[in-house]
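Below you'll find the structures, each written out as structure tokens.
The following pair of complexes shares a single chain, subunit A, combined with subunit B in the former and subunit C in the latter.
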Partner chain A sequence: MSVFVIGYYTILIAASCLAVYFERRRVFMLLFSLTLVSFVAGIIGGVGALRTITTLAAVLSLAAGVSYAFKEFLVQIARPGLARELRTAPLTAAFGMFVIFTYAIAGIFAPWIAPHGQAEVISTSFAPPDANMLLGADQLGRDIFSRIIYGARNTVGLALAATILAFVMGAFAGLLAAVKGGWFDQFMGRFADVIMSVPSLIFALLMLSIFGTNLFVIVVVVAVIYSPRVFRLTRAVAGNVVVMDYIEAAKLRGEGDWYLIRREILPNSTAPLVAEFGLEFCFVFLLIAGLSFLGLGIQPPTADWGSMVRENATLISFGDVTPLIPAAAIALLTVAVNFVVDWMLFRSSGLKG
Partner chain B sequence: MSDIFKLVMKRLGLGLVTLLVVSILIFFAVELLPGDIAQAVLGQGATEETVATLRERMGLNDPAIVRYLDWLGGAVRGDFGVSLISGGSVGDAITQRFLNTLFLATYAAVIAVPFAIVLGVLVALMRDTLFDRAANILTLTSISSPEFFLGYVLILYLSVKTGWFPAISSLSAGMSFGELLERTFLPALTLVLVVTAHMMRMTRAAIINLLASPYIEMARLKGMPPWKVIVKHALPNAWAPIINVVALNLAYLITGVVLVEVVFVYPGIGQLLVDAVAKRDFPIVQACCLIFAATFILLNLAADVGSILTNPRLRHPK
Partner chain C sequence: MGRFSDKDVLLDIEDLRIEGYSDETWVPIIKGVDLKLHRGEVMGLIGESGAGKSTIGAAAMGYARDGTRISGGSIEFDGMELTTASEGERRALRGSRIAYVAQSAAASFNPAHKIIDQHTEAPVHYRIKKRMEAQEDAKELYERLRLPNPQEIGFRYPHQVSGGQLQRAMTAMAMSCRPDLIIFDEPTTALDVTTQIEVLAAIRDIVDQFNTAAIYITHDLAVVAQMADTIKVLLKGEEVEQASTDRMLSDPQEDYTKSLWAVRSFKRPQKARPTDGTKPIISVRGVDASYTGGDKVLDDVSFDIYPGMTVAVVGESGSGKSTTARVITGLLPPSKGDVLLNGEPLPPKYTNRTRDQLRQAQMIYQMADTALNPKVRIREIIGRPAQFYSGLKGPALKQRVDELLDLIELEPSKYYNRYPPELSGGQKQRIGIARALAAEPDFIICDEVTSALDQLVAEGILKLLDRLQRELNLAYMFITHDLATVRSIADEVVVMQNGRVVEQGPKDQMFTPPHHPYTDLLLSSVPEMDPNWLTTLLEERGVDNIGEAGSETKDGSEKTQSA
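Take a look at the complex of A and B:
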């Protein structure tokens, strides 16, 4: 029994008792189930397992604290209407916004934050971390930390460009199909069906094998693959708006299609579209990460998270976690966007449960 | 009975048409290649004679439509032409690997399907509890992680640090079944993690949707025990969405399998496809794409047919 173990259980049990005393049922359930789990984990895994649990709990509470503070900060600086909405946001959504904010900062100010250039060879290959290089060097002797920072700009930027293109194409076609109807609607619908009936990664591989891998091709191919999803949603949402009386009135006034789309339909269908943008970004981001992991995305020496994992994968067989950091960065951003989207969907649909 | 038959046949016909259109898409996409396949294959060192010979050998002098029908006819019989790089038959290269991939996907599905459905139903019943919240966050994280991340995490913790399972699934002929299962455990587990998360969320949504309907509330109000409400009232109606969820996620396995195979150097069709894309070996790319797309379409078809068969309401479209 080390001091750590005694302290660990004392704190947990004392906190559980306090929670019961102040009649916080959920807090008590959480703390006490954690205590019970720790008993089992401690017997099986020893002190190491307890330390892992402590670290996890600390990280979780740190994340919760940061998200709470960030949410309050946003509430303070936002306009009154927006502030009221933000106040109701769950912690997960606040956490998501904080992560997105951090990535945006890292991406925009990459050259100033990163200590070295992304293609700069400054050391021997796979050099261990030192004061100069936070995470060590990669297979060519470039600073991994700097490359991760630059990756935020390159990988996320590429995914964002592809998402925006997919969104513009899909939404435009969807709105037009809803307004025009008839054969155009039918044709676009069938076209979307065909594209969606091929798995996206397979389709992307086919296209990239034909057109080669440069940035422009990747953006266009990925946008074409994912625009049918946007098309379907926009078509469905706009389809509900088009049958409204005020659209009929606008048509009788003699307004053109473009006016209808821009002034009548679009303002009435923004909420689901914004949420869809977030979801779409996640899909696109994961697809692009997968492609660049396969060596078919952004080409070296430009830093990119997917290819960084592949290039440094040999380090994993020596028990080093560094190659997993870019992959974790991908996962973290996707989770964050999903959290925010969840909250938006909940808000716009008023769904309960 | 004939009603169901007609409906199913109609859906099958539609699936066949989709498959045909997709095969056209896959074949003619290569025609979009700037320039000529022969030129692209030979690269810059090509002389006029070599290009002409290759064109002759690949039959590029025939019109595209003739070549398409040739290709499709061959593909149906399992003959996908010859590889541009090795010169060997594509069909031979694919068969064994396709079986390997099928084995991996089945392995993952056998674990994932029961596991995910049971968990999904449990989570739906315990909704808004701490367990539900935790499951929500965990599944979301699993869905949001790229497959290669999960794969490498598993390699790091279950193979490198503990040495429980082999990190690289090298298969050889004459391995016993148990050994095979052990060798392919990590790739299968990676797929299980991804698919389970998807399937759990979809099952949860389907069940919650169902539990909100008035007839379930009625059953509850008349004092039926909860397990009976689920088994006698909810489950018969839940089959259709659950079958849908399973089939859709098996289709999802197909995409996941490509990345997982590359991570674990598994000798499957996904790995073959990725190699062929890098080398621009078009016959192999086309063949693999066709196989993947066909499996995807078939599974979606199975989902639709399954829900028609289990849901009487779908048999009488308004």
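Take a look at the complex of A and C:
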């Protein structure tokens, strides 16, 4: 029995006892069941398994600590009204905001943060990590770490632009359809159905092969593919608002459609729209990464996470995890955005009272 | 209270304190209330909204709503302390020994299941009865509650049954386990007067038959007088006084109670039509209307409204009162007949009317919650019509908004930048009035403006409307089903039934017999403060001819008319 194992069990059992003493039932159940699991894991896997558990717990608590500190930081700098909202945010949301914040910094300040240029060949192909290159080199000898930093700017920026465009188009059409009703509503609805009935990836491939693969075309095509979902949501949300008495009052006053949309309906539908924005952003992001992986998205030598996965895919057969890093970057951002969106959905659903 | 001895105490609440969470602190909602309920006793809890009636009702089940907590005191139900009992123990009581009847039966029934399936859920869950037994029992309860067709009605879905029937079905459901205590949370507030009687009679009967104790929560004193053995008056989470019903009605001790009793004393002098040949401001002439493809909702409706006068349009729900308002405002173009404004015919659709025509007829809504945009500040809600019609801007607009806020007796500096959800129900309704006034109209449609409000607040609104009428020479079309409101504010009355005007004329004439039979039914259905009113009325009408059951079918209404 090494000192590590003895210390490991001592700390767990002592913490469990403390939790019971202070009547923290859930904490106790968590700690003590972890102790029991550790017994089994320790017998089967030896000290190594216990070390893995310790590392995982440390990473988790580090993430929780960072999230907590970041939340407090936001509460301190935010306006009083916003600060109160933020204080009720769960840790997962704070974690999501922290990750998004990190990505934003990486994307905005990419040229200053990245040690090398994104197209700069500085080494031999597939060179292993060294002091100069944190994560090694890719198939052409470019620094993978620098390319990931630049990828944050390119991929995320593109996804953001496409999502915003999809929202502007979809939300505007949805609001107008809700206010106008009648044949306009029907026409827009069926038009949206037509777009949605074509599988999105095939539709994108078709459009990109027709119009070529420049950035503008990608943004527009992706926005057109995703705007029908936004349209449907906006129309449904606005449909619930349009029947309210205050809309009737405004109509009877003789207000025009534009005033109704801007001043009466939009303020009452922002919460679900913002939540939907987060979700759609993830989908758009994945679609663009997918297009790049197929070679139709952002063109080389511009760094992009999707194509980086494809280009380095061969390394996986050698047991190297490098190609998984851009994939992990995509996954992390998606998870982070969803954490924040969950919180926003929770707020807009009115559950918090 | 001689009927009840101390041995029979069922529910004993002592020094109950409940706190609610708002603005990151715990604020006391109930500040030490005692309550002692004996077996078979019915206690009425009354007070205005925010008095904590429903919170106490929920606490009697050992339940604290989300965002509230029981912070002190004890709740003892039949020897069991609920504040310290575990959640599982408390849950075992609910439904089986304590039942709850909510205000809106329509919202409380699950629309996806048949009524009887929801009824049998509790007895089957608590293994009191087998499903078949519970169904038989349900049918028997339906019969006792005088639901039409008791053998079959349980197999309908909630939306296939009318509101009053649903409320009775809910009472039957509460009875399904023969609980010791039922909590009625404003069970008749959402119903018409004619339906209300029926539900009241049913509830009173069944509580008597099974010797069930009940807490009856309401803000309607006349209703509580019919139902309760004892009355407890609450104000802002504190008890004002408690006494037996007779004593409470004849000899209230506290000033607040007296003020509650004195409500509805407000009455303004009746005005007669101008005789100098003034044209009516609004004249509805032979209007027929129907919603797309449906049957006629309005059938040859005609009446006039003269400047400066109040015309009350009364009738139960579905009688076409609100539809008439929609025709006047142009939301529903009539299929026949027309609406004249100052003698000029108005275009049937509001989109074709000029801005000035739209300005002259304004509307105040029943639900102030849905009538004011929750995301727009008060200054814009009120300022927008002024800006829209008169083109006011900058300081002139601000001055106008201040003026309007003064007019509705709200402090301008305090409310100028607020949002509607931050206001109380009465304040919201005042904002609704200010928005209508901002257009400088000559005619305002008031659609059930006081029915969602407490009596004291409602009276404030009525007084305000009256003052505004005198100052600004406004004409009101007052849609209501509450005849007490009609009595206090109307000059003329139009009675509607099934889309037709059955009777119209000056108010004093309408309130003195002989009436049209339907008017008579409406009038006699308004609860009075006399505790024996319901008993007397039931004797007069006969048990089977009350309320809805009497007026629902054609031959039924004839029976009522002859009674």
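Going forward, the second predicted complex is superposed on the first by the 348 of 353 C-alpha atoms of A that agree within 3 Å, B and C clash if a C-alpha of one lies under 4 Å from a C-alpha of the other, contacts with A are read in each partner's own complex, and residues count from 1 in each chain.
Definition applied: a contact is a pair of C-beta atoms (placed from the backbone, for glycine too) under 8 Å apart; a residue touches a chain by one contact, two chains touch by 3 or more.
None of the values given here were measured: they were computed from a predicted structure.
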Is A:264 in contact with subunit B, with subunit C, with both, or with neither (first, second, both, neither)?
-> second
Winner by number of subunit A residues touched, once subunit B and subunit C are compared = B
Looking at the overlay, what does A:84 touch: subunit B (first), subunit C (second), both, or neither?
-> second
In the superposed arrangement, which partner chain does A:309 touch: subunit B (first), subunit C (second), both, or neither?
-> first
In the superposed arrangement, does A:255 touch subunit B (first), subunit C (second), both or neither?
-> second
Shared subunit A surface residues [contacts with subunit B and with subunit C] = 353
Which of the residues in subunit A end up touching subunit B in this complex?
-> 26, 29-30, 33, 92, 193-194, 197-203, 205-211, 282, 286, 289-290, 293-296, 306, 309-310, 313, 316-319, 321, 323-324, 327-328, 330-331, 334-335, 338-339, 342, 353
So, in the complex, the side of subunit C touching subunit A is made of residues 23-24, 66-67, 329-331, 350, 353, 355, 358, 363, 365, 367, 370-376, 380, 384-385, 388-389, 435, 439
Residue positions on subunit A within touch of subunit C in the complex are 84, 87, 244-246, 248-249, 251-255, 263-264, 267-268, 353
Subunit A partner contacts - residues on subunit B that touch it in the complex = 18, 21-22, 25-26, 29-30, 32-34, 127-128, 130, 137, 140-141, 143-149, 152-153, 155-156, 160-161, 167, 208, 212, 251, 254-255, 258-259, 262, 273-274, 276-278, 280, 282, 285-286, 288-289, 292-293, 296-297, 300
